[in-house]
Amino acid sequence: MASMELASFPILSTILLSTIVALLVIMLIPEDRPKLVKQVSLGFAALGVVLSLLVYVSYDVDKGGLQFVERFLWVQSIGIYWFTAVDGINAPMLILTAVVLFTGVLTMWELETRVKEFFALMYLLVAGVYGVFMSMDLFWIFVWYDVSLFPMYPLIAIWGGTRKEYGAMKLTLYLLAGSALILPGILYVWAVGGGHTFDLFELQRMGLPAHVQRIAFIMLYLGFGILAGVWPFHTWSPVGHVAAPTAVSMIHAGVLMKLGAYGILRVGMTLCPEGLGYWADLMALLATIGIVYGAFVGLAQTDLKYVIGYSSVSHMGIVGLGLATMTVDGINGAVFQMFSHGVMTALFFSAVGYIYDRTHTKMIPELGGLSNTMPVASAFFIIAAFCGVGVPCMSSFWAELLVFISAVKTYPVRGVLAVISLVVSALFMLRVVQKTFYGPRNERWEHIPDVPLALATPRIILVGILVFFGLFPRLILDVIQSAVVPFVSSL
Amino acid sequence: MMWLFKDPVLAAACTGTWLPFLAMLVILIFTRRNQRLSAGISIASIVTSLICAIYLFTKLFHAGVPVQYEVAWAMTPDLYVPFGYLLDPHSLLMLLIVATIACLVQIYSVGYMAGDPGFSRYYAFQSLFAWAMLTMVIAPGMLQLYIFWELVGLASYLLIGYYYEKYSASQAGKKAFVVTRLGDIGFFLGLIFLMLGYGDLGILNINQAAAGHQIPGPLVTISALLIFCGVIGKSAQFPLLTWLPDAMEGPTPVSALLHSATMVAAGVYMMSRIFPFFAASPDAMAVALAIGTVTMLLASTMAMATYDLKQVWAYSTVSQLGFMVMGLGAGGYFAGVFHLTTHAGFKALLFLCSGMFIHEFHTNDMRVIGQSGGRNLKVPMISMTIGALALSGLFPFSGFFSKEAIMGVLAQHTNKVWLFAGLLGALMTAYYSFRLIFFVALPRKLATVPAEDHGHGHGADHGDEHHGNAYWAMAWPVMFLASVTCVLGFFQAPLEQFLTGGHAAAAAHGAGQEGAGHGMGHYVLLAGAIGCALAGLAWAWVEFGRKRAPQEGFLKKFPLAEILFARRWYLDDFYRKALDTLVYGGLTSLFTRNDRRVIDGAIDGICKLTVGTGRMTSFMQSGMLQYNLLVMVAGIGLVLLFFFI
Amino acid sequence: MNSLSTYLILAAMLFCLGLLGVLQRRNLIGMLIAIELMLGGASINFMAFNRFLAPEPAVGQIITLFVMGIAAAEAAIGLSIILALFRQMRSINVERAQRLSG
Amino acid sequence: MMKWVLFSPELYYVVMAAVFFFMSLERQAEPRKLYKWAVILSGVGVLATVLGARLQGTLFFDAYRIDLFSQVFKILIAIGTFWVMLVCSELKGVDERRHAEFYFLMTICTLAMMMLVSAVELLTIYITLELSSYSLFLLVPMRKHDGEYAETGIKYFMIGATASAMMLFGLSYLYGVTHTTYVAEVVKALPRVFNQPAAVLGLVLALAGFLFKQALFPFHIWAPDVYQGSTNQVAAYIATGSKMAAAAMVIRFIGFGNADSGYFVQLLMVLSVLSMTFGNLVAIIQKDIKRLLAYSSIAHAGYMLIGILTMTEQGYASAIYYALAYLIMNFACFMVIIKVADDGHNLQIKELAGLHKRSPLLAMTLMLGLFGLAGIPPTVGFTGKFLVFAAALKKGYLILVIIGMVNATLSLYYYLIVIKAAYLLKPVREYLPVRVDGVTRSLSIALVVLMICVGIFPDRFMQLTEAAAAALLM
């Protein structure tokens, strides 16, 4: 059967290598062939989609656990392993990455300036993302994590928009400051664990002493949390997103922010269950503040991308809350939310990107009545907004359902607060939609054409994913559970 | 797919519910350009649904036990969300009603919306609405019900805000969504508590469990109250009733659809759906009763003060919903449901009629319509009168029977206040509905008519060119509904048998009430009710109907009251103010400032501080050779100190 | 009194004087001389230690010889650099040379 | 006799020095020829050192120790010299008539540092140290028509001479309290006599001399001026070759004292933290790239010290690996600077504007080099930091590591400013195009490959460094 053959074939490394190969190929293409560059990167992105789908489909849910394992010694003296594997938690993440990359490439199809460098850097970024998601060795997780961060600087600073240099510098420094907490955390765990293996699961089996777990967990939580937009450390996200070009915002908000949450789950919570128990209260508190806070601040924004930035803060808060509950449903919901928020935000940014490319403004007061001239383009944003509001039969609804149920169970007050904030989020999403797309015809935008099919395709794909998993949540939920259930029982 | 055909009932249920969804997808993706085709697809799908509904109704009419199908929609160790169909008398009846109304409205819309630029979009939303509503009606579990309840809210948001160029329309849509969302939060929390407390949300299960007192009382009360918040939101009960009148911004057929049988009725339907559960908590019932009463009275007063055709019916809808909630709250399961049924009929009728007027005269002002010869439109005129009669609960129209039923229930209640409130409500209802009728039917040539023209922007561009078929496309549904309104009342007995037969618990409850209702007291009540209605009618006649009638209500004599009623008891202003001060002015600006100044400021401050420190430190590296040497020697000195101390 | 300590004190004084000179003389030649003083102090130390409490006799003297040689070389290099600088700035005052800073 | 084989690499460089000496006697100067000779000879020198890698033994009455440790560092020094020679093709900074002397002094300095790496006796250390310093003293002022940089030479000389004098004074005390001049025995004896002030004074002063070479705070003061004031090539040489020697010396000296005395370790910790923080803070505000790199080198000395002060074999190994990494990254940056400013002037950051257009290859090399210095994976710089911090955490110095990482983030800021200049800024005026000859192209590609591969496949190199560290502790 398929998975048997696949199990022997190092498909994960292939996915990872394909991006690096893409990087090299793109760098070898001469400067004056931008079209070719785009085609090549689209091709490799499609390859990534196919491969990750293959992995996802042939992942054996009943068997569960780690599959497609590749593990061999990399550095002998301090015990670094090349250890990639897939379980229910990162399988959806791989698809998410592939899809967002694919749609991102399509979204940037009209890029003119320094095309080659752009796509090269984007592939570097994505290589890092893939690496983090599929690695099970602390060293590699960290390496790929940083690899996925530093290309953000040139990507934003060169191709960005409003206050790009400030935004780029702020984002890069802020996130790498986060990794400045992660590395000591990882090394600390490693050193306490005897200093001869970076293998995540071996360290987990060792079971570290409680006080170590507390210190290590808070470092890992804060470190990864910065990237996950945990409340007081979220201010990079709106600034960075506003500055970044469309595809970068898509990948960054859609995938990169998930790296943070994923890191908390995969590294922090796996290695330091007791530390988690010790800090869970704080996590829940920060997450709840983030949810409410993000929604309220979103109300006041006048820049479309700022609005999305703060909505991400709010939604990532939901992820954090789910993780903090330490229950099966909570973590299911958190992972599910990572996925659907990724798709949703990608949709948001690509829709805004199109509008911005055409109207050259993303200030809500200047826009208005766009639905008259570009109904389809607006429809994409509106659909994303509904998903953000948590309308049922959109994938994010299920995630929020799961998270809220377990949150109310574990932290009643905070859970109820979070649920109530749904009204505010609805208010601000609909407010943006109304101010931007409704209202009388705006002759300023009369001349603007609606989205051509080629550019509509990526958005259509994203919408399709949202609705599909909204209608058939089990297709993803069962996979996630297959990893979460044993995980929670191990806590 | 074979299993579908093995079980025709299931097949019918699936087709009936999912066909509109498919229709929506097809329209949105493929046939947006082609308006006629879109309309055709949508109508075909809804007609099919109607047929399925009828089929199910007839097939399961005598099947005593409810039929239930389930598949696991989402499943985790702690949470099980089934998707399926629960076909018991109540849901079947509602299914039938919804399908019928939706079908009629869509046919009617062919005429009403003809030539509108967004024709296809309109029908896509209609199908979406139909799908959500139908699936909600026959949901077997509260979670599924909640999910599609939300979708109904979404669809109504889209439909109300259909004329998105109009600020008021989009505003109204937003308001409807957010306000109902407010209620839904309570609903959602109630469900969560119930699930955490009891662990199952299957409608039948919780009904039996609550009736059998297997759920702890406090939990029942709390969750029932919270769930009732959902009813308050959806069915526009006090204090969340203000969104409904605004929702008249949508096209009239939409109002007919939303405010007669479907969206707003969903609240009452949900309440009656888990009636035994509510019944298990007297406190919750009392709250429901009180809120229903307040709502009914407030809405009636508001209805007296407006001159907008649709507004009047909107307020009447609110008050009738309040009336239903009263019925349910007083323990009259059948009474509430029956009034829901009849109300669906005549309210849709009323809206569609006024739609015809509006479509004809491009205005909502009843006085203008009257003077421009509204009465010449025979079909709507007559049907609207019928509707009004039914609304005010006069024999032999359907409204009469259902109102009687509710009155009967109220009469049973120990506290007679509710009964009198009900009677007062009946009085006012008759008054304002006939005030309207007389305005339209027997206009006086008034010197000054404030010609406030709510004419829809779309109305102008398509006038009478396809007047003919458009008119009849609208007339047929109207006439059908009118006839239904005339006869429906006489089916009370079989309906009661059918419904309460299904609900063992409710039967005992309801039948007890009804049974006691007959006899001497019943006739007094009957007389009282009809008396009130007639009194209201007469009053309206005196003020508006008869020759040389001033045609200005008694309210003119109480300007304060009129303003109060016209301003909807300042509820809107209250919300507006609360929103501005609390949300926008308060938390939002506070958080935003905090975000800019405190949090972000701290970050930037740290960066500036670092750079500044660098600049300061760099003075250590002065150009003067010997100072540098001094630094070095001093360093060594410090190191020595470090060792010696 | 122990005569080792006298030598040590003498050497220390030489060294400190040299250091003081380096830090305080503004004249490059003077600074060079001061450095030579510091080296001298070090040499005296070596000699003294060797004379009083070394296991095998020769080491200290040898080191001192080397130091003297090196000091000579150092002086040569220093003077040449100072000369070059003098050609540039027509002065051998340190305060003239403080353009690089920060 | 057989023993001289051990000395062969050094002997080779003596011969090489002689060759350049004779060339310097010629009347007319031929820069191209000299350049060719320099490249060839230093290349062969690398070969010689590599061939001598496995040698072991002691010379000159055990004053001179040859083991894997010393040989590894000799290889590093030789490679550094070779690379610097390679980029001397446009030696505009130095008067043409002096090129021969330039190469001569360069070779002498290399030779001295190689001997320094092997020296295990106080006098030998002192002499070799002075030899290398003097040749540098002469190399630094060699800059042609050096208007504003004239003072550099004298500053360097004065500070250097003072520091060496202090060191000598300190050594004298060490000799006095331990009665021996063999470093091994000195360090063994130290813990016993550590209560005597003389011992402490001696140790501190001696350390001052060593750390001066490594430009560790507070003995760093010469570095910025010298980097800025000397010819680009010389600066590159100081930043790469002589850094290696200094590191080796410090490792050697501390490596003998494997008995970790708390005070001493604390002192080193304080020094490393100060030097990291100071270097990074001041580097933030620099405009001149070489000066910036000088401050960053101060910071890096601090990182390296973290590895050393653990006083474990792993720590020394990590320090050696870090030195290797630093050599590669730092030289990459300097090569770019030299090539961009090939008329020998001092490069300002803003002059890099639009480099990605003028020469994409150099721009990429620079970016990788700077990211490496900032410790961003997958470059070799990251792996170096990783190993150093790992060694520190093995001993439980959590706070130290956190401070180190914070500093790394801090440093990223100014590296990013340079990268921004290279990739983002529009040139304010038309800069002359960058000439990239074959040598440079191949060299920079080689450097890029090294930076990536040594970073991602560290296993080999780590085995080597661990072996070296083991040899050190033998």
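Going by the order they are written in, the chains are A, B, C and D; count residues from 1 in each one.
Here is the rule we use: a contact is a pair of C-beta atoms (placed from the backbone, for glycine too) under 8 Å apart; a residue touches a chain by one contact, two chains touch by 3 or more.
Here the structure is a predicted model, which means the values were calculated and not measured.
**Student:** I want to compare two interfaces, A-D and B-C. Which one has more contacting C-beta pairs?
**Tutor:** Counting C-beta pairs in contact for A-D and B-C gives the edge to A-D.
**Student:** Based on CA centres, what chain would you say lies at the far end from subunit D?
**Tutor:** B
**Student:** Of the chains present, which has its C-alpha mean closest to the combined C-alpha mean?
**Tutor:** Central chain is A.
**Student:** Could you work out how far the Cα centre of subunit A sits from that of subunit D, in whole Å?
**Tutor:** Those two chain centres are 42 Å apart.
**Student:** Using mean CA coordinates as chain centres, what's the gap between subunit B and subunit C in Å?
**Tutor:** Those two chain centres are 98 Å apart.
**Student:** From the C-alpha centre of subunit C to that of subunit D, how far is it in Å?
**Tutor:** Roughly 27 Å, centre to centre.
**Student:** Report the inter-chain centroid distance for subunit A and subunit B in whole angstrom, where each centroid is the mean of the CA atoms.
**Tutor:** 37
**Student:** Where in subunit B do residues touch two or more other chains at once?
**Tutor:** Correct list: 618, 621, 625, 629.
**Student:** Hey, what residues on subunit C touch two or more of the other chains?
**Tutor:** 19, 22, 97-100, 102
**Student:** Touching two or more other chains, which residues of subunit A qualify?
**Tutor:** 173
**Student:** Got a list of which chains touch which?
**Tutor:** A-B, A-D, B-C, B-D, C-D
**Student:** What does subunit C use to touch subunit B in their complex?
**Tutor:** It is residues 19, 22-24, 26, 94-95, 97-102 of subunit C that touch subunit B.
**Student:** Quick check: in the complex, which residue numbers of subunit B touch subunit A?
**Tutor:** That would be residues 72-79, 81, 143, 146-148, 150-151, 154, 157, 161, 164-165, 167, 170-171, 174, 177-178, 181-182, 185, 188-189, 192-193, 195-196, 583-584, 587-589, 591-592, 595, 599-600, 603, 607 of subunit B.
**Student:** With touch defined as at the start, can you tell me which subunit A residues reach subunit D in the complex?
**Tutor:** Residue positions touching the partner: 74-78, 117, 139, 142-144, 146-147, 150, 153-154, 157-158, 165, 169, 172-173, 176-177, 179-181, 183-184, 187-188, 190-191, 195, 215.
**Student:** Which of the residues in subunit C end up touching subunit D in this complex?
**Tutor:** The touching residues are 11, 15, 18-19, 22, 28, 31-32, 35, 38-39, 41-43, 45-46, 48-49, 53-55, 59-60, 62-63, 66-67, 70, 73-74, 77-78, 81-82, 84-85, 88-89, 96-100, 102.
**Student:** Name, in rising order, each residue of subunit D that touches subunit C in their complex.
**Tutor:** Residues in contact with subunit C: 122-123, 126-127, 130, 134, 137-138, 141, 146-155, 157-158, 161-162, 165-166, 168-169, 171-173, 175-176, 179-181, 224-225, 228-229, 285-286.
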